[in-house]
Amino acid sequence: AVPGARVGVAQSLDRVIFHTDWRAQAEHGGFYKAVADGIYRRHGIECEIRMGGPQQNPAQLLLAGRVDAIMGNGFQALNFVRENIPFLCVGAVFQKDPQILMTHEGNGITRFEEMRGRPVLIGAAGRVTFWPFLKARFGFTDDQIRPYTFNIQPFLADRMAIQQGFLSSEPFSAIQAGIRPRVFLIADAGYENYNNTVLVSRRMVDTRGEVLQRFMTASIEGWAGYMAGRDNAAADAAIIRDNPEMNAERIAYAIRVMNEMGIVMSGDAERLGIGAMTDARWESFYNSCRDAGLYPAGMDFKRAYDLRFVNQRVGLT
Amino acid sequence: MELARGDFLALLGPSGCGKSTLLRMIAGLIPPSAGEISFPADPAARKGIGFVFQEPTLMPWATAARNVALPLELAGMNRREAHARAVEMLARVELAGFEDAYPRALSGGMKMRVSIARALVTRPRLLLMDEPFAALDEITRFRLNNDLLNLWRDERFTVVFVTHSIFESVFLAERVVVMAPRPGRVVRELRVPAEDRDTPEFRTSASYAAHCREVSHALAAAMEAA
Amino acid sequence: MISRAQALRWFAPAVLGFLALAAWEWAVWAQGIPSYILPGPVQIAQTLARDWDSLSVSLLVTVQITFAALAVAASLGLLLAILFAQSRVIEMSLFPYAVVLQVTPIVAIAPLIIIWVDDVRAALLICAWIVAFFPILSNTTVGLQSTDRNLLDLFRLYGASRWQVLWRLKLPSAMPYFLAGLRISGGLALIGAIVAEFVAGTGGTASGLAYRILESGYQLQIPRMFAALVLVSGTGIAIFMALSLLSHLLLRRWHESADTGEHR
Amino acid sequence: MISRAQALRWFAPAVLGFLALAAWEWAVWAQGIPSYILPGPVQIAQTLARDWDSLSVSLLVTVQITFAALAVAASLGLLLAILFAQSRVIEMSLFPYAVVLQVTPIVAIAPLIIIWVDDVRAALLICAWIVAFFPILSNTTVGLQSTDRNLLDLFRLYGASRWQVLWRLKLPSAMPYFLAGLRISGGLALIGAIVAEFVAGTGGTASGLAYRILESGYQLQIPRMFAALVLVSGTGIAIFMALSLLSHLLLRRWHESADTGEHR
Amino acid sequence: MELARGDFLALLGPSGCGKSTLLRMIAGLIPPSAGEISFPADPAARKGIGFVFQEPTLMPWATAARNVALPLELAGMNRREAHARAVEMLARVELAGFEDAYPRALSGGMKMRVSIARALVTRPRLLLMDEPFAALDEITRFRLNNDLLNLWRDERFTVVFVTHSIFESVFLAERVVVMAPRPGRVVRELRVPAEDRDTPEFRTSASYAAHCREVSHALAAAMEAA
């Protein structure tokens, strides 16, 4: 955990506990930067980042009120609506979900369609998110699924293997192991899930809306700086302190591919600033999920988000 | 069947006729299936029972001395004093030197003697003994018979004594009760008058032999009745 | 008298269970705890009834793996214990490997097993077996060593073969220990099946309860998650009771532990 | 003769262990298995030596949690077993809840525990305890019920209080069962500590071996991962041997299972 | 000490002097710490031993009949026939009707009789008995004494018989061996000539009483020597 440095001044800071979705990594860099460089404090917020990990479900911590905000994705926001739970999404840092499938270079698989019928290593969470999309879009079937345990040894051992991954993570590991991976960004195939979203309770929106606004603004500033590579030393140090398996090389790779693929800065974000969300994108995402059978028809998907805290062109020059 | 304070009663009967079971009933360990066992109003009556089970029933994890000291310690005596009395009592059953032996290193007769020492160490007011001397050689057995008798004469506690030895029963007991099996019941009671028993040469007297014969016939009759 | 004691024996747990559930329901209602944090038992029961079709399929999958693992654990545990009972040298040589298997965190090696074993079902079975076999092995080994020395002498005297000593003497007297181990392993086999599935995250149509728990968690269908947990617990209790009954039936004629308890 | 048997008893396991390691090394070398799939023992040993500084810190963390959990499991398991031994009604009323605790997959409820318990260390301890307590409870319950009926009568006769019966009769005679349970729980406490850490995902400086395993796995430092696994296994064996020794010392004077084995 | 085929030897001695231990050595269950036990070249000599331990040593999980049938089944006899012979033998020790009882439902004497039946059921060539009749009433005991003696006269197997009853030893045995404790050793051997023993009224004869007195003195001497 990275508690924001205590301020000695009498001015009282608003405390926000933010829980990420994985162990500290470059994908969380903006938030870490906002802590490390004192951006939150400038906005009157003392932010404590708690990191997630495999087998964890931060949403449950959010629901139980143990944390103020969590990093999530579009599905979780729609789940809130379906289960009639008073929580929602107030911003989406990743315009494109960095979820990928990867295989070995030169084994003849060049398109999603060519993966049909082949075994794919998929983790449990993927089963309820991008997998239904792949099924609906490319005719994948459940019997292709092989368990993925966040260990890429089986992938290394099998030239025909296909597995899920995170854009900046698994391909890098594969390269380190001396293998050339071929990477397929699912978002590029029309997968419209927002990722790295900020999820909060409706009560927070209603009663601490002003604090939330400052938190979002500070976070976006952090992200803008982080993606631009403006002196990230303190942020990276904080990431490595939380997660020693990280290193400068890994982080540099991640930032590079995120920029190349337009994970943070593409589409609406170029117009509205980092974290941008639009009704149109949510609607189309909901519709495709509904068509894949994930959500009932006629769900009031608009309750899944609130556009007031983003789309303010923060950080755009 | 009545049992007065200070009685010395021997129980004889064929194997399996219910002697051990009767002893357990007297001790209050099992309820009688029919009939009843009544005790005098004296609340302490059922306290102060000493019981030698037919099997040694020793705690395998405790030394001979601790096994003997058990009833004293259960009654709240401090450990050192209980140990001292246990050692003393072990010596009386000729097990001096075996205080620290564990039951599995003792011979069958030695285990039984530990069990006898445990029953006697509390100076009980009612002593229930289930074939206590069956596993002992005759010399030790005679001496323990005499010891028991002397003790009883001095302190006049109540004894119920199961034995298969007719000689032993006549030698020891005032009253010899013969049981028959299926269903277990008392079929005969004989008295050995005190004036006979208190002579020193009782064991070789004609009256002794006569009593033995009588008991022997009672027993034979009991077995035929079955 | 007997019938009253018997009745109490079944009545008391039922009443206590009912009270516990009632208290839970009341707490949820009185404190206004939202169902996405902690659903009450009534809601869980409703969810269970509503989702029974999908949950029962998963239950069946989990139960199958559990029983297969338990059967393998019982037989292999027993066989190994018998092997160990043959000589101290064998025992000292091989027991460490059994301990290694026991303490190796299944969460850590499940991925390796899944790599090495192609069939997911078989991999899950191996995981559940690894979790479940040790108590049987360990308890049975102690039990086989606890054979009465005099009876052992008797068997030697009558020229009993190794096999006869084992089959007619050591195994019967190890029985109470074996059955105590089995009761522990019953639960562990279930745990093993669930944990392995958690780690492996097998899904699809043939997914077990663990996947339902994960899935419901991700989808924030908390009552459904609790319903699946209830099924797991219920299965555990059912296995335990079945094994206790088995133990009672096998031992009641001769072993103290299976007495009717009149002495207590 | 005795010294030869004794020597064999230590020599054989050592030779066997050496052979197993040699075969492993040879297989890795002969088959050309890359170290990111399966490193050989020599490489693992080197890694262990190289990374000892960081690994030993994690080992200490894990060992601390394990021992704390084992201590709590042993004492609470024993206390519960004693409570259950007081009457069948209590046992039948409460045992199901113990079974529920046992079979509830820790992986599923660890998040809940972490929600309810603020301190991560305490949460880990609770998880490890839940995994470890059942064998002790279950075995000791059987043990307490296996008390010799004649000795029980003897104690009743001498007016022993409940407490005296328990302390001087039932507990000593349950000892072999309790110790057998303890030997099982020793490994489970370790497992529990590791699994809980996997799930809770504590990181940073105070992280235990589980975190090292995960971390090395993600970073594809497979030799390091195996080195951590070796530490886990070694700890498990050490715990098992310590508990076996304890058991031997406590029982050797009177119980068959701790005999020197001359009869076998 | 020599033991010829067909001998009937009684072993007497104070409790704890090593009688049970000696019996175990003869059976080959424990090695002698000094000296040796030698058997004739006949390989079958150590086969066909029947042993009645001092404690009943029954398998608690098996019925009386199965306990008795054990040696037969171990020797490979089929179960049905072994059962039939076990039932027969149980009847001879007067346990007809208890075939299906488990040991814990039997009285002490009954357990011992099951153990005796088990030792006899194989018609052993060497019968080792450690106080087999100590827990039995005198009438059953006398009858079993007679039964044993008749059996022995018919089949002339070898018997080593530990007892604490001098009368029993003289009545049964050709040779009475007296042991002394610490260290356990044989101190005296007496012969009861066959011409005396084979008279039907031996038990009441003067020669019987004389033998008993002699054994009694030997035993007393053995105990003093200790």
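So that you can tell them apart, the chains are marked A, B, C, D and E in the order they are listed, and the count of residues begins at 1 in each.
The working rule: contacts are C-beta pairs under 8 Å (C-beta built on N, C-alpha and C of every residue); 3 or more make two chains touch, one makes a residue touch a chain.
Going by UniProt, the chains are B, E = NitT/TauT family transport system ATP-binding protein; C, D = NitT/TauT family transport system permease protein.
All values reported here derive from a predicted model rather than from experimental measurement.
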- Note on the structure: Touching both chain A and chain D we find C
- Task: Could you find the chain whose CA centre sits the greatest distance from that of chain B?
- Result: A
- Measure off the straight-line distance from the CA centroid of chain D to the CA centroid of chain E, and report it in whole Å. 50
- If you average the CA atoms of chain B and of chain E, how far apart do the two points sit, in angstrom? 26
- So, in whole Å, the Cα centroid of chain A is separated from that of chain E by 87
- Message: For chain A versus chain C, what separation do you get between their C-alpha means, in angstrom?
- Response: 39
- Counting only residues that touch at least 2 other chains, which ones in chain B make the list? 55
- Query: By residue number and range, which residues of chain C touch two or more other chains?
  - Reply: 111, 148, 153, 198-199, 217, 255
- Message: Can you pull out the residues of chain A that are in contact with at least two other chains?
- Response: 55, 57, 60, 64, 150-151, 153, 157
- Item | Every chain pair meeting the contact rule | A-C, A-D, B-D, B-E, C-D, C-E
- Interface with chain D, chain A side, in the complex: residues 1, 23, 51-57, 60-61, 64, 66, 150-153, 156-157, 173, 176-177, 241-245
- Which residues of chain C touch chain D in their complex? 8-10, 12-13, 16-17, 85, 87-89, 92-96, 99-100, 102-109, 111, 134-135, 138-139, 142-143, 145-149, 152-153, 176-177, 180-181, 183-184, 187-188, 190-191, 194-195, 198-199, 210, 213, 217, 229, 232-233, 235-237, 239-240, 255-259, 261, 263-264
- Taking the complex as given, what residues does chain A use to touch chain C? 55, 57, 59-60, 63-64, 75-76, 79-80, 82-83, 85, 122-125, 127-129, 142-143, 145-151, 153-154, 157
- Under the touch definition given earlier, write down the residues of chain C that touch chain A in their complex. 34, 36-37, 110-112, 114-115, 120, 198-205, 211, 214-215, 217-222
- Okay, in this complex, where on chain E does chain C touch? 24, 27-29, 47, 49, 51, 53, 55, 57, 59-62, 70-71, 73-75, 102-104, 122
